[in-house]
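Below: one structure in structure tokens.
We just call them A, B, C and D in the order they show up, numbering each chain from 1.
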Amino acid sequence: MANTPLIFFDPFPRTDAMVFTPDVQAACAELGRVVSHFGSRAPDDLVESLLPDVDIIVGQTAMPAERFDRAPNLKAILNVKANWEPNIDYGEAHRRGIHVLSAAPAMAPAVAEYCLGQAIALARGFAASDRLFRSGHERYGIAGNGTAYSLFGADVGFIGFGNLGRALLPLLQPFGCRVLAHDPLLSDRYLDLQGVQPTSLDGVLSKARFLFILAGVTSENEGFLDRKKLEMIAEDASVVLGSRAEVVDFDAFLNLAGSGRFRAAVDVFPEEPVPQDAAFRQIPDVQFTAHLAGGMNASYARIRDMMMDDMRQILKGHPPLRMQKAEPRQAAMARSR
Amino acid sequence: MANTPLIFFDPFPRTDAMVFTPDVQAACAELGRVVSHFGSRAPDDLVESLLPDVDIIVGQTAMPAERFDRAPNLKAILNVKANWEPNIDYGEAHRRGIHVLSAAPAMAPAVAEYCLGQAIALARGFAASDRLFRSGHERYGIAGNGTAYSLFGADVGFIGFGNLGRALLPLLQPFGCRVLAHDPLLSDRYLDLQGVQPTSLDGVLSKARFLFILAGVTSENEGFLDRKKLEMIAEDASVVLGSRAEVVDFDAFLNLAGSGRFRAAVDVFPEEPVPQDAAFRQIPDVQFTAHLAGGMNASYARIRDMMMDDMRQILKGHPPLRMQKAEPRQAAMARSR
Amino acid sequence: MANTPLIFFDPFPRTDAMVFTPDVQAACAELGRVVSHFGSRAPDDLVESLLPDVDIIVGQTAMPAERFDRAPNLKAILNVKANWEPNIDYGEAHRRGIHVLSAAPAMAPAVAEYCLGQAIALARGFAASDRLFRSGHERYGIAGNGTAYSLFGADVGFIGFGNLGRALLPLLQPFGCRVLAHDPLLSDRYLDLQGVQPTSLDGVLSKARFLFILAGVTSENEGFLDRKKLEMIAEDASVVLGSRAEVVDFDAFLNLAGSGRFRAAVDVFPEEPVPQDAAFRQIPDVQFTAHLAGGMNASYARIRDMMMDDMRQILKGHPPLRMQKAEPRQAAMARSR
Amino acid sequence: MANTPLIFFDPFPRTDAMVFTPDVQAACAELGRVVSHFGSRAPDDLVESLLPDVDIIVGQTAMPAERFDRAPNLKAILNVKANWEPNIDYGEAHRRGIHVLSAAPAMAPAVAEYCLGQAIALARGFAASDRLFRSGHERYGIAGNGTAYSLFGADVGFIGFGNLGRALLPLLQPFGCRVLAHDPLLSDRYLDLQGVQPTSLDGVLSKARFLFILAGVTSENEGFLDRKKLEMIAEDASVVLGSRAEVVDFDAFLNLAGSGRFRAAVDVFPEEPVPQDAAFRQIPDVQFTAHLAGGMNASYARIRDMMMDDMRQILKGHPPLRMQKAEPRQAAMARSR
């Protein structure tokens, strides 16, 4: 059995319906031996029993430095969540040449689609128009379009240009938008070559007619979009909060949106589930969705697809191609819920 | 004054705010002499007084064959509505080499944006999600996304592939959709070269996950999407009625949408304004907008831009480039409201 | 037989191998009755015998106004050459609603490919490099690339932006070129929307690193690129003469190219065949091709494809989609060889 | 001086004109202290004297494991050649979190342009056409295009889909080619998503009308395109040898090309410089260039640009974005000249 790869699934909070469907089970069975644990993180005794033989871990099993000593065959950790936890010694994995990969890119297309759809819905006033029609107060044509504006040729701002920004950009390209992007981790030349205009944070906030907040939260940037920054947002801009809520002062954000300062779609919250009695549930005109931007069936299909593709590559001794490599420093800093 | 071009604006129901803004007035003044009439169609005596000298008519002034005899300098009729009326002898204009042009392409980008935005809103359930959140019944992540699906890689159907289809296609391209298009006026080879798959009407109806009804109404196709055809629409498809309501059996359409047979966004109605007491106003889940898809400020700016561009071309003796040429047979057949 | 369409092929100088291949013959036979004449223009008696019944003429049969009187069923003239002759009363055809169409667009892709290939060959010095290698004087790598430059990010100039320019533009797009275009028939707004920068003739001549001469010759623009204009071409630019030779002072052009003022590829000549003893045959470094840019098998396949597609459309009473409509004024002015 | 970064340039065979131009010197001076050595690999005593303080090495300085012990501040090795040498312990660098980056992507656009230009030149017969014209034996139009064919809609084959393939693919996209790609290191799903059709080696060889040999040479694939494989190439295909000569049986390749079995452009040789008396210099019709595809001024500008961009990123503690990361296994296997 030494030659048969051992694949260990410990992907909680992911479920088998998300990452271990029958096609995945069959594909893994062709590659080697599979042990799986769902419903919780695998208990230590199970983990320890597998470490000596495991080749691939799917999940975010705790791997401090000493566990790597006990896992001489470990080739890769495939994290099928969208973010990192601090329970892996990323530097040690890196030192040992163990691939540490994340499925974060899998969610990005669905989030980008959400962002685009909500941006158009806000700018064109779909929700209000439907309400007016049902109440018998609709106005037709240009008379009803007094506050409508278009994505075509608009100035668009991205705060953050990681997976989400890179997935959203091509969807905007046919609209001929001018995209201003701010990302402190990326060089101006790189942003240029990506086809966006590198811009200061204040520049993006103040100039964007459509603002997409796409930044992941780290230990360094929580709440960096405070009230002072949010007040720089252009009057009547359409703002989509598409990444993690912790990057904004959430109360200030909803306060400004609710007062009509700008239009907003919100998919993420500091606390989920949101308390039943949270007053902000009733703020008019904000478009709320309960963390629905990324986690849909199509995204999980993408996770399974890229996971199996890279699992096969790694077991063949080839480089992984689809999942995102952990940068040790960034992975350590990333904040998970 | 024989050498100074005479430009006559008679564009009702378009208003001066739509097609005769200060910049247009200034631009026309540089080109020649302008006479304008707003608020109604110009009275016959005004029209007749101008015919001997007029070079350009902007509008849909009645032009039977004999009026062309009295308008020896007439070079072009620029229709700034989106459709044709039967009050012009299109064949006679064509015979005399008079350009008869329409601003129909100007509306298409805004309608395409509406179509895309509503398609995503329907597939991703934005309206329902917002309602659930406000009522405190939201479910998070995959639990709330049970009925959500994506445009990425989807089968899309176009009924009609004119200006609207050609404007919508590039917006779908980044989603990697397979677009099946039905248009009885277009050859299969042409559709192939446009990047869509020529398909029978029944094929489009039954296979499309996203169905865009984009056909203009003519004297030959009113109501061609009858109940029998509508019942062929794939279960739970997202359907956007983006062109003229008369192409469908409207009651059957709303009946099927309201019963959950498919998801729908409706922007056009057989009668506008819709009667206050129309029961269909309350059909749940259909996304209504009161003819807002095309007629927004950005579209009128486009109309003015293409109108002035082609006016200058024509007065220079160059071919028009931006507005759409009337095909005499199709113009005669087009049904206007 | 009144109901069976009559299709008359009189396409000299096109041959049956070019436009009447077996597949075309079969397709036409399905549409109606075919009469064809090759090797010369059809004699008058044949033409006259067919006029009463003919529906479609493929070719450039002389059609003065009175012949139209004798051709009551004529629906379309499909010109399968790339240019117009003055033997048709284009205005009369237009008046009668007879489609007059040209296959000019069919040649454009092949010419665009020629232009791109020669541009790279000139800028990268392929011909000289091969000669040096064969003579044993090659230099390797950067040492041999002293005069090489790249299309990537280069300033490109188009003189003329008709079918050829529109076919070449997409081939340049992946190179990130800035394309400056001059075309006196087109408005600045139109050129903007096409994605090129409208520029004066002098601006294009002086700024382009790669210059594509793509203008068709008319009665108004023969020799407009005279020596004075040609001397404005940027030092060491790569110039491709891809359209008709008559638009340039040919001797001046070759004189400047031969003296190293700019690099050049030449596919067209004032007189073809070029006299055997023409001294310019030996001018070093100019890349000569004997009118090979457009007329290749793939282009004739395209002609046949668009001709049959539009023939079917027209016989169905639908608008043609593929061939280029004659603008009566431009067709009358076009100069043919 | 402990805080001032130390940047060490030891990039032989690159010269200062290639990688240490005045703008680079100025940019480096803003970042820290620079020591440079050109004309040869830096002597050991110089290297050893710098190891304790060096932050960035630009070049391919020998770095066995023990040297890393003596370089506690080393953050990155920036290799400004296009390939790897075995004088670095890549695994040890990886273990220590030292970025090992290559400028290989910088050459790819120039090589892709060369490949495209030569492919068109071969298919369209530019060289032969010019010779015929000069000798007075040219034939015009279709008569001279008997053996010409087009890239439009053609089946194209890539052997290798690394940097070169990824740079060439977008240049082919406007031609509507079907691209079949073979690369043993890449998964089928990955190739699918890149827009190419994963194909066996034999499939690519036999089906491609245009064949691009783009594979880098490793210790495992030298000469893998032996005579038997080369004989599978489609009759009269256009073949561009754009990567390293060692991947083919060079004599067999030229033998087949010279006998007219296929058309060929060759830029690389097993031995450079090629011996003066090499008989193959005179093989007719093959298009030779002396290793000119990549190493041109524009490519070195790209190298400098990506090198400085990533140097700044790394010194800021941010991830590099532009240069290519060494995969330890592949870097160790790569064969250098």
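FYI, a contact is a pair of C-beta atoms (placed from the backbone, for glycine too) under 8 Å apart; a residue touches a chain by one contact, two chains touch by 3 or more.
The shown structure was predicted, so the numbers you read here are calculated from the model rather than taken from an experiment.
Q: Please indicate which chain is farthest from chain C, where distance is taken between mean Cα coordinates of the chains.
A: A
Q: If you list every residue number at the chain A and chain B contact, are more than half found on both copies (same) or fewer than half (different)?
A: Same, since most residue numbers here occur in both copies.
Q: So the centre of each chain is just the mean of its C-alpha atoms; given that, what is the distance between chain A and chain D in Å?
A: 35
Q: Cα centroid separation between chain B and chain D, in whole Å?
A: Computed from C-alpha means, the inter-chain centre distance equals 51 Å.
Q: In chain B, what residues contact two or more other chains?
A: In chain B, no residue touches two or more other chains.
Q: Which word fits how the chains touch one another: line, ring, star, complete or other?
A: Topology of touching chains reads as a ring, each chain with two neighbours.
Q: Would you pull the chain D residues touching chain C in the complex into a rising list?
A: Residues of chain D touching chain C: 18, 109-110, 113-114, 116-118, 120-121, 124-127, 129-130, 132-134, 136, 138-142, 144-145, 148-152, 170-171, 173-175, 272-274, 276, 281-282, 287-292, 295-298, 300.
Q: Which stretch or stretches of chain D touch chain A in the complex?
A: 91, 94-97, 185-187, 189-190, 305, 309, 312-313, 317-319, 321-322, 327-330
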